[in-house]
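Below you will find the structure I want to go over with you.
Labels run A, B and C following the written order; every chain starts at residue 1.
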Amino acid sequence: MAPETSTLLLHSLYLVAIVAEAMTAALTAGRRDMDWVGVCVIACVTALGGGSIRDVLLGHYPLSWVAHPEYLAMTAGAALLTALCARMLRHLRKVFLLLDALGLVAFTIIGCKVAQQMDLSLPVVIISGVITGCAGGVLRDVLCNDIPLLFRSELYASVSLLTGGLYIALDDYTGTSNLAVPLALVAGLALRLLALRFNWQMPKFVYRGDWH
Amino acid sequence: MAPETSTLLLHSLYLVAIVAEAMTAALTAGRRDMDWVGVCVIACVTALGGGSIRDVLLGHYPLSWVAHPEYLAMTAGAALLTALCARMLRHLRKVFLLLDALGLVAFTIIGCKVAQQMDLSLPVVIISGVITGCAGGVLRDVLCNDIPLLFRSELYASVSLLTGGLYIALDDYTGTSNLAVPLALVAGLALRLLALRFNWQMPKFVYRGDWH
Amino acid sequence: MAPETSTLLLHSLYLVAIVAEAMTAALTAGRRDMDWVGVCVIACVTALGGGSIRDVLLGHYPLSWVAHPEYLAMTAGAALLTALCARMLRHLRKVFLLLDALGLVAFTIIGCKVAQQMDLSLPVVIISGVITGCAGGVLRDVLCNDIPLLFRSELYASVSLLTGGLYIALDDYTGTSNLAVPLALVAGLALRLLALRFNWQMPKFVYRGDWH
């Protein structure tokens, strides 16, 4: 197999994504009046938590931040910078939404690749992508004592699911990640941005029985 | 040792139990207005989360849904079906309570067997059963932002603890799971149903000191 | 290397610390009207959860309570005793704060040592200490449906971070844990008690933008 330039692309996007996730997580922590240590912890957990949960569930050791402690420094640093410059970042809301969408899609494809390299079955490969893409945000919301946004907001997990499925299909069909990665990236990103722009929502299941 | 028919019995009950847990979890998610993806996630986490936490804590890889991805499809499918037919299921409340009790007891015994096969010590075998039986429901409540019901409701964890203890004692005494499994199943199920019927509660610890 | 008396010191402090953490956790559970099983679960999770999360993240098996199930009995027993004698313990508030501080510092150093013995990099050694020291309390607060106190209170995580850093520096400089452990213990304990006494706080990051 030729050296995969898609790996380099994904790695660059990964670095962008963990910084972006750390910054949005810091703003969430700021709405809960957390102190600076709390801000750093929430940022690291949000940015690196999805991958960590995936690795623990699949038994894929060492975890990325254990092998690359510089990721911890990057996320904590980005969080502190965000706390310092929050006023200025207010005008960059759209940039952050874009970076967050990029992070979701990049995390998802990376999660799929990790499971692929472990020779796991197709459904597990896709679930691995969804966990990598979404679990960090769930952890953030649990630690901030919210109902996880994931379960109530627009197409977040669905975008992850579709991106993962598309990546697997393309990778299988073209036989090389060099095509599958950028195509799935662009498609997933487009879907997420369209969902944000037009406020697409999944149907909700509303139940008011006196259960339990 | 003779081929254990109890293994077949437990496996059948396991399949019934994960479907039942997925359905009750879907109804819980519906009371929080989650979208359909959220309903599926809550269902999978509730049905498969207890076993996953046990396997991660004991280092018992691969996890059951990684080895058997069809479990994911079963739980997600059961959850979607529940969301579609919630109105009809309203009248089946007692059936669900029975299936939920069956799940608690079956999960507990399965958890004990996993730890036994890893040659772990007696207290760890019982704790493994309790984690398998109860942790899924705790995860569900944390994700739905409730105080876990487990810690406030009737004899849930206690039934799990007693079922696990009884199973171990019987297994040790009779020397075969073929007797221990059905006996512990019936006894645990009876205890849980009696607790539900007569609203048995553990004494509560109420403390109002100005701690922290 | 000479047999390390510091290991014995740390182990004794560990036993004191898990009992102390179990007792304060039981009081927290009592403020939420949990039943006795809930009190025991919260106590075990608080006292042993930090080390368990560390071990799972680092792939360090078996977990301490799997290898030493007597820790489970100690923490559950301490929790039940606390529930029985809560009225009397009310006057021992200061003793508990001291023991809790001791636990934080001892857990942190133990966590650093575990990662050191796995030959992990310096930042991971310190993070391992912070996770061991703090994650149990975070789990307790999540299960009790609070915003984790850690992220809002006085210098808890910061003390852990500084203690870990100091221990590593001293261990590296003196070449023996026999000096580094007691020195880091005393310094960390002093810092925590001073923070409590003078109500030292980290600066808070307060943000009210309409994010998300």
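Going forward, a contact is a pair of C-beta atoms (placed from the backbone, for glycine too) under 8 Å apart; a residue touches a chain by one contact, two chains touch by 3 or more.
This one's a predicted model, so the numbers in the text were calculated from it and none came from an experiment.
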> Taking all residue numbers at the subunit A to subunit C contact, is the shared part over half or under half, that is, same or different?
Replying inline: different
>> To test your reading of the model: what rotation angle superimposes subunit A on subunit B by C-alpha positions, in degrees to the nearest 5?
In response: 120
> Between subunit A and subunit C, what's the gap in Å when you average each chain's C-alpha atoms?
Replying inline: 30
> Among the residues of subunit C, which ones contact at least 2 other chains?
Replying inline: 56, 142, 145
>> For the complex, give me every residue of subunit C touching subunit B.
In response: 24, 26-39, 41-42, 52, 56, 61-63, 65-66, 69, 72-73, 83, 86, 90, 93, 142-145, 149
> Which of the residues in subunit A end up touching subunit B in this complex?
Replying inline: 56-59, 120-124, 127, 138, 142, 145-148, 150-152, 157-158, 161, 201-209, 211-212
